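Following: one structure in structure tokens, then a few remarks.
The first chain written gets the first letter, and so on, giving A, B and C; residue counts start at 1 in each chain.
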């Protein structure tokens, strides 16, 4: 078995669900993020961080993520984003040297190696600090400051850190009294889209672009795409129920919709 | 000797010294007995500690049934002259000050609502005495409550050039609680 | 020049001892200068005080730009049994603290980038509550994010006289057995 802090090399990773794969997943949850895992994998190469093999590192990371996804599909996005980026990086590193794309890959690999060294240095600093005798734990200051000194009180003792602590404490206490409200999700859902379509479609005489049915107040491109998908789903649902008809004249052409008038043609 | 925890006499004295020094209350003989190895001669340890601090700036004193280090009495007047211990603002005052800083101009009722606790006159007075807050007119609502804001002395005390230099709320809280707040604190007129 | 009066000198050492003792926070040379008579040789006074407390249970240490008495390091295990000690900071908090110490003033986004992970509210709270970090103004970039730095309490907590007492970043990367680092990173094969 691998020791708690290190992961098995990629070649030993399980091919299917197994107790080892579950251990793997537990390992994954012990990491602070993709970079943390990468650093551990890099250290497992037992060479100077300057000389690590980035391609081997990429393979190991992808194998770990793959193993973890087999047991749990909904892996946090940052793990997958890193996996996608590393796949890109590997494809660049495998190109023949000298091409622009290969150089791009090498530059990116250097950036990654530098980030790993940074994190490694900070981890070492944290260990260095942690190993020092700490005040109040190993060493103790005077337990009882003497009150006679408090005679002169020509000012108040408060710093910005204290003010921040006080503010956070006050806000916490204040909100304890109000009911818990989960963060509002700004996505335009299928239910919203159904309601909106039902209202709007009746007023439209002819084929209309699906985009016209999106709500006006969308925060960003992500929300816009989500609303687009929801509206299309709502449209399909209503078409199935017979209230709508949908039309697309070619691949990637705008999707058009209009009210289904029963007296009209019955073509498919 | 069959002592399971051998410490020579000098180390016993050192341990007693450290313990009396670090303790927040006077250390009783019983507490010393528990801390020192079995069979340690507490009286001899205390006598040695007392001898070592005789005529020093800090002396061993017997207070409230225990031992404590105190600064030598003859030095007290000269220390008083120098040590300036600023008053610590009580927690309620710090919280109120922080809320006023971020939400100004703000009424007393609003501060109470944000804190989820009543605001005492003593707290308000403490902040006024320290010259941290000042009235900033009245809100034109029923009862015309006084609105409060921070003073230039507040900025100076916390080393801020401007109210806009207060740390961003989103840098303090991952998910800020739902409290209505302008994007940036508005500097007092 | 004639030697200082030995009685006067002893008195100065006593006064310095009392002053440093009475305070829970480090006492600066400046504060000592103000407390001692004009013309007192602070360095000699401190050297004498240091000599007197060498090998005692409580020793003089140079911390956070000042002087502080603290219990001797070797007594830690024995004191631990009798004095209740607070919990150590968790790993995420220690790493975040190290990053802030080395990169200050630094924004939250920068800390997160270096760690490659989001900074949790619990970590931020733990560091603020322990008085290890403090806001240090805002960066003049879009959004004006808050910058963070370490406090004097951070130095005192880890027994550092100064931020320069932290090991150099290059030295941290040397793992036993130390491998000399080339100037330029070698591009991956």
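Keep in mind that, in the parts below, a residue touches a chain if its C-beta (ideal position, glycine included) is under 8 Å from a C-beta of that chain, and two chains touch if they have at least 3 such contacts.
From a predicted model like this one, the values you see are computed outputs, not experimental measurements.
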Chain pair bearing the highest count of C-beta contacts: A-C
Most central chain, judged by mean C-alpha position against the global CA mean: C
Between chain A and chain B, centroid-to-centroid distance (C-alpha), Å: 40
Centre-of-Cα separation between chain C and chain A, whole angstrom: 36
Distance from the mean Cα position of chain C to that of chain B, given in whole angstrom: 19
For chain C, residues that touch 2 or more chains besides their own: 21-23, 69, 71, 79, 83, 135
Residue numbers of chain A (touch at least two other chains): 140-142, 146, 148-149, 159-160, 162, 164-165, 168
Of all residues in chain C, those that touch chain B in their complex: 13-19, 21-23, 31, 34-35, 52, 55-58, 69, 71-72, 75, 78-79, 81-83, 107-108, 119-121, 124, 135, 137-138, 143-146
Chain C residues touching chain A - in the complex, by the definition given at the top: 21-24, 68-71, 73, 76, 79-80, 83, 85-86, 88, 91-92, 94-95, 97-99, 101-102, 114-118, 125, 128-129, 131, 133-135, 151, 156-159, 166-167, 169, 172-173, 175, 179, 181-182, 185-189
Interfacial residue positions of chain A with respect to chain B in the complex: 140-144, 146, 148-160, 162-178, 181, 183
Chain C contact footprint on chain A (complex, rising order): 32-36, 38, 48-55, 78, 93, 106, 109-110, 113-115, 117-126, 128-130, 132-142, 145-146, 148-149, 159-162, 164-165, 168
